[in-house]
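Two complexes follow with chain A in common, the first pairing it with chain B and the second with chain C.
Then we have the complex of A and B:
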C-alpha cells in the first residue's frame, strides 16, 4: 500500500533531499507531517478496521480453497500422508465417475430440500405467531432459540436414540399404535427424513427469530389501513407481512441453501456403524461426508480435494441462481 | 468509511492491484509454509518442563488409569496425561488427520493391531523402539507384526486377543441347551457345529444366536491365512477362502444374527435386552460385555466362557503403543511405553479388566493361570485364554491396506444385514476395494 502513498503531493514535501532550514520551515514541515498522518489515518484506518476479517478469510478461506485446488491435481501417498505425483485431472475423472459421489450428491439435495423448505415455511409461521401480543413474550421468543444452543453432537445423540432401528423411541411408539416400525438407518428416504428432522429442529427457531425481527420492522400503520379496508388476519399476513419481509426471506433462503448443501455432523453421527460413512450402503452420505471419507478415512487427499472443488462449483452455481432470483424478485417488488 | 470514498485522491485502479498483490503474497507465503515440514524428520528433543506432561491417547479401554497414577507418583519428572477415545475407528480418523498435519500428535499413540502394517509401510515416521531390555518380551507373532524388514521395532505390544466363546448360560438353559461350560465347549468345535447348535437355539428362543454378523465374519477372517492381501502386499479379495467366509456369514444372517452392526447402539442395547446368546470373545471383549450388560448383572443374566473356538484358534486384535517422530519427548515416551507394557503391568490389567497379555513372561505366570472371572460365573479365565492362545495355528497375513479393506468388508456384511442382496453387496465391496488402490 505504501506505493500508492508515495505518489501523493504530501509525500513530495517530505523529500529527504530538501534542506532542513530555519525555525518556521521546521514548523511547516511538522505541520505537513501531521497533515499527512491525518490523511493516512483517514485513508488507511477503515481498511485497518475491516482487515481482521480479510486476513482471517485469507487464512482460513481463500488459502485452503486455492491449496485444495492445487492438491486436487496431485496423487497422494497414503502411508506418508504426503502429496504424490502430478496427475492432472485424473482425480476429477475419478470423482465424477464414482457412483458413490453421484449418490452423495443426490442425498445432499434430497436432505437439503427436506430440510430447507419446511424450515422456512415453519419459521415464517412461528414468527408470525410470535409477532402477536403474548404474555411473557421474551420467554416464548427465547425458547424457540433453545435447540440452536444445543451442540449438534448432543442433538444427534438424542435423535440417535429416538431413531434407533430396533430399540428406538419412535419405533416403539409406532409399534404401540400397531404400525410397522421404520428402518431409519436402512431405507434411504426415511434416513433423509430423520436427518432433515435434526437439521430442522436445530435451525427453525433461529430462522424464526430473524423473520420476527423483520416482521417487527413492518410499519404498524400498514396493518391499520389494511384492517380499515376489511382485511382479516390471514389476508394481512399474505398481503402485508410477506411482501414486506421479502429481503429477509431471500437472506434466509440463501444462507440455509449454503448450510443445507454442507450438512455433515448429522449424517456422520447418525450412522452408528464404526465406519460412519453415511450408512453402509451410503444411503445418507452427503457430499461433504464423501469428501471427509475420501480424504481422512480412505486417505486419498487428491480425490477429496477434487470432490471439494466440484461441490464448491455446484454451490457457486446455485448461489448465482439465487442471485438471479433475488434480482428478479426485488425488481418485481420495487 | 464514507469519508474516504469521497476523498479527493481516489486511486481506484491501484487499490485493486495492491489488494491482488497482498492476496498473492499471502497465498504464496502460506503455500511455502505448508510444504517445509518433512514428516520423516525427528522433532527437536526437549526435556519436559515444569507443568508439562507426556501425552498418550488410547481408544476403548486400555485399563491404564490406575497404572498411570502409579507411574506419576513414582516419576515426578515425567508426568503422563492420558486421552481416551471411545472407538478405534474414530481414533484412526483423528490419527490420520494428525499425521497429515504432522502436528498435535501425542507422544505415545495407541494403535490397533490391524493398523500396525500401515505403520510398518511408512517406518521412518515412527521411532525405532528396539532395545535390549525389551528383546523377547512378547509373543513372536506380536513382535513380528511391529517389526520392519530392517529390524526396527515400531510398537510395543499391549495385549493379545485369543478368542473363546462367551455365552449366556441362562438363555441356553431356557432353550434347552447344555449350560455347563465344558459341554458347551465340546458342542462347538467346528463352525458347522456352531451354526447347527445356533439353529437349535433359535428354534427355542426369541434371542438371536450371535451378537452381529460382523463379529462372526471377523472371527472367521482371523483363521484365513491371506484374507485380503497376498504376501507381496498385492490386494486380492476375490480369493476362495474370503468368498467362503462371506457366503457362510451372509447365509446365516437371516436365521442366526441380530442384524445389528457391531458397536452400534442397537448392538449395545442387545446385551440388556436378551438380544443374543453368544459372542466371539477375545479377552478384551469381557469388559465390553460387562459394561454393556451392566455390573452387577441384571437379575437372571448369567454370562459364562467356553474354552473353545469354532474352527481352531483365532486372535482378534491386541494393540500396540508407538512413538511418532514428531514427539519432542521420545526418550521419556519410550521409557513410559516400555514400563506400561511390561509383564507385571499387563498382568495387573488382565486381573482388573480382562485384556489378555501378549508378554511371554506374563503368560507363564501362575497367578494368571489361576485367575477366575467372577462376572462370568467364576470361569477360569486365565486357564481358558491361555489354552486359546496355544490353539492359534494360523496368523493371518496383514498387508498395509488390511485395516481399510476390513472396514469395507464389514460394511458389505452390514449391507446384507440390512437386507441388501449378498451378490450385489459383494460387487460393491470389490468396487470399493478397487478404489482404495
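Then we have the complex of A and C:
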C-alpha cells in the first residue's frame, strides 16, 4: 500500500487550485514518513512485545540451565568460589556412583508414584461428582480448591504434626484401634506415604477442577444416546466420560510428572532432625533436595550441577515419552 | 430440559461423598488451629486435643518473638506483587502478539514457549545462586523476584485467552483509524484481556507467595513468610518439636491467603477451569 503511494505522481492527488506547491510537497513527505513509520511499527511491534519474555527467560531460565551443564564439567574450589580444572564427566561418575543420589532417585519416584496415581483416580472421581447439577455449585468448587491456597511449607508442618511419631493424631488413632503406631519419620516407605499424602491433599482438588472443565466440554447428547442404549450412570462414566477426557488426563499426568519429580519443600521440612537432609538416613531425600544439599549447603557446585543435569534429562525423557504415548493413543483413536 | 438432563440431578450419595472430601480437605487446617491454640504441653499430650484451646494469643506472641513475622509478611507481599504485576504486563503483551499479530517465526517461537513450560528450570539453582552472588544480589528481595518476572505459563495462558477474546476486525478497525500498534494494544487488547489478567495476577501472586525453595537459596538474613515458618520449625527442634508454636505460626501465615481466597476464589476456580479447557 505504501509503495503505491510513493509511486503516485505528485500532482495526481493534488488540488490544482492549491496556492502553494511547497506546502503540499511538505505534506506528502510527512505522509510518506508516517506511512514508513507505520510499516516499521507493524513489522517490529510483535517482536517488541515478545522480546521482554524471551530476554528475561533467557537470562534467568535458559542461561542458568546451560550454565549448569558447564559447571558440571569442572572441579570447583569450595572455599574460594573459583573454577578448578576441567574434569570431564568425573562429577557425573561421582554422582551416579553415590549411593545417596541413587537413594534419592528411588525416593523421588516412589513418592511420585504414591502421589500421582491416587491423585488422578480421586480427582477424576471428585470431578465426576462435581459434574452434576449441584445446588451451591460455586461453594463446592471453591471448597474443593481450599487446600491449594495453603503453602506447601504450611502443609508439611501441619502434616508433620498429624504424622508425628510420638504424639501425632494419626498414631494415636492407630493405637486406639489396637494397631501398632507407625514411625512415620523413620521408616522409609511409610515416610513416603506421609509425604505423598500431603502432596495429594494440596493438589487433588486442583486437578479435579481441571477434569471437571474437561467433563463439561463433553457434548451432552453423547450421554443421551448412551442412555438410550441402556447404559447406566456408571457405564456412561466409563464408556463416554473417560474416553472423552483422555487428552486432559494426559495433560494432567505430564504436568504432575514435571512437578512431582522436583518435590523439595515436603521432604526438607518433614525432617525433624537439624540436618534436614530428608531424614537421618536420607529415607525420604529427593533428588532436588540432594541438589540443594550438595550445591548450596556443601558447595560442591560441580557435583550438584551434574546431579541437576541427570535429573533434568530424566524429566525431559519422561515428558517426551508421555508425549509419544499421547501421539500414539490419539492417532489410534482418530 | 430433556429427561436425561433431569436425571443427572444428584442424590444424597453425591452430596455425601463431596462433603466427605471437603471435610478431609479442611481437616488439616482445623488441626493446625486446634494445636496452635493449646500450650506446648497440652499439644504434646496423649491422646492429643481434638478441639481448639484458649492459648492461641500466647502462641501468636511467641511466634512474633521468635521470628520477624511482620517484616517477613511485608517482604512476601512486596515480592509477590512485583512478580505478579510484571508477569501480567509482559504476558499480556507477548500473548497478544502471539494470538493476534502475524510475524515471521511466530509459530516456532510459540512452540518454544510451550516447550519451556516443560523445562524444570528450578533445577538450575546452583548457577542462579552463583549469578546472584556475583552481582551482589544475594540476600535481597530483587534476587527473589528476578527469576519469576516472566513465566512461560503466563504467555501461554494469555495467548489462549486472547485468541478468542478479540475479534480480528476490531484490530483492523483500530489500525484503519490510524492507531499505532501500541495504541491498538492499549485500547483493544488490554480491555478485552482484563479478566484473564486478573486471574494471571492471582495465580502468580500465590505461586510466588508460597515458593520456598528459591528464597531459601537466595536469602540469608532477609526473610519471606515461608522462610519465617522454616525458622519457626527449627526453634522447636530438640527432643520434641514445639508444635503449638509451629502450628500457630502456620495458621497466622495462612490467614492472608485464606482471605484472598474468600475474596477471589471464584476467579481462581474460573481461571483453572478456563486454562484446562483450552490447554
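Details
Note that in this section the second predicted complex is superposed on the first by the 278 of 334 C-alpha atoms of A that agree within 3 Å, B and C clash if a C-alpha of one lies under 4 Å from a C-alpha of the other, contacts with A are read in each partner's own complex, and residues count from 1 in each chain.
Here, a residue touches a chain if its C-beta (ideal position, glycine included) is under 8 Å from a C-beta of that chain, and two chains touch if they have at least 3 such contacts.
For clarity, every value in this text was computed on a predicted model and none was experimentally measured.
In the superposed model, A:140 makes contact with chain C only, not with chain B. In the superposed pair of complexes, A:98 makes contact with chain B only, with no contact to chain C. Of the two partner chains placed around the shared chain by superposition, chain B and chain C are both touched by A:274.
Once chain A of one complex is fitted onto chain A of the other, the partner contacts of A:311 are limited to chain C, with no touch recorded for chain B.
When the two complexes are overlaid on their common chain A, residue A:43 makes contact with chain B and with chain C alike. Partner contacting the larger number of chain A residues, of chain B and chain C: C. In the superposition on chain A, contact of A:164 is made with both chain B and chain C. Looking at the shared chain after the overlay, A:183 reaches chain B, while chain C stays out of its contact range.
When the two structures are aligned on the shared chain, A:301 is found in touch with chain B and with chain C. Residues 42-43, 46, 62-63, 67, 81, 160-161, 164, 166-167, 272-274, 296, 301 of chain A touch chain B in one complex and chain C in the other.
Put simply, chain A touches chain B in their complex at residues 1, 3-4, 7-8, 42-43, 46, 58-59, 62-63, 66-67, 70, 79-82, 94, 98, 100, 160-161, 164-167, 183, 185-186, 272-277, 280-281, 296-299, 301. Of all the residues in chain A, the ones that touch chain C in their complex are 38, 41-43, 45-47, 49-50, 52-54, 56-57, 60-65, 67-68, 71, 81, 122, 125-126, 129-130, 132-134, 138, 140-155, 157-162, 164, 166-169, 172, 176, 201, 205-206, 209-214, 217, 220, 223-224, 227, 248, 251, 254, 258, 261-262, 264-265, 269, 272-274, 288, 291-292, 295-296, 301, 304-305, 308-309, 311-312, 315-316, 319.
Taken together, the chain B residues at the contact with chain A in this complex read 1, 3-4, 7, 9, 11, 14-15, 18, 23, 26-27, 30-31, 34, 39-40, 87-90, 92-93, 96-97, 99-100, 102, 118, 121-122, 125, 258, 260-266, 269-270, 273, 400, 404, 407-408, 410-412, 414-415, 418-420, 425, 428, 432, 435-436.
Of all the residues in chain C, the ones that touch chain A in their complex are 2, 4-5, 7-10, 14-15, 17-18, 21-22, 24-26, 28-29, 31-32, 35, 43-48, 50, 90-91, 93-94, 96-98, 101-103, 106, 109, 113, 116, 118-131, 133, 146-147, 149-150, 152, 155, 180-182, 185, 206, 209-210, 212-213, 216-217, 225-226, 229-230, 233-234, 237, 240-241, 243, 246-247, 250, 253-254, 257-258, 260-261, 265-266, 268-269, 272-277, 279.
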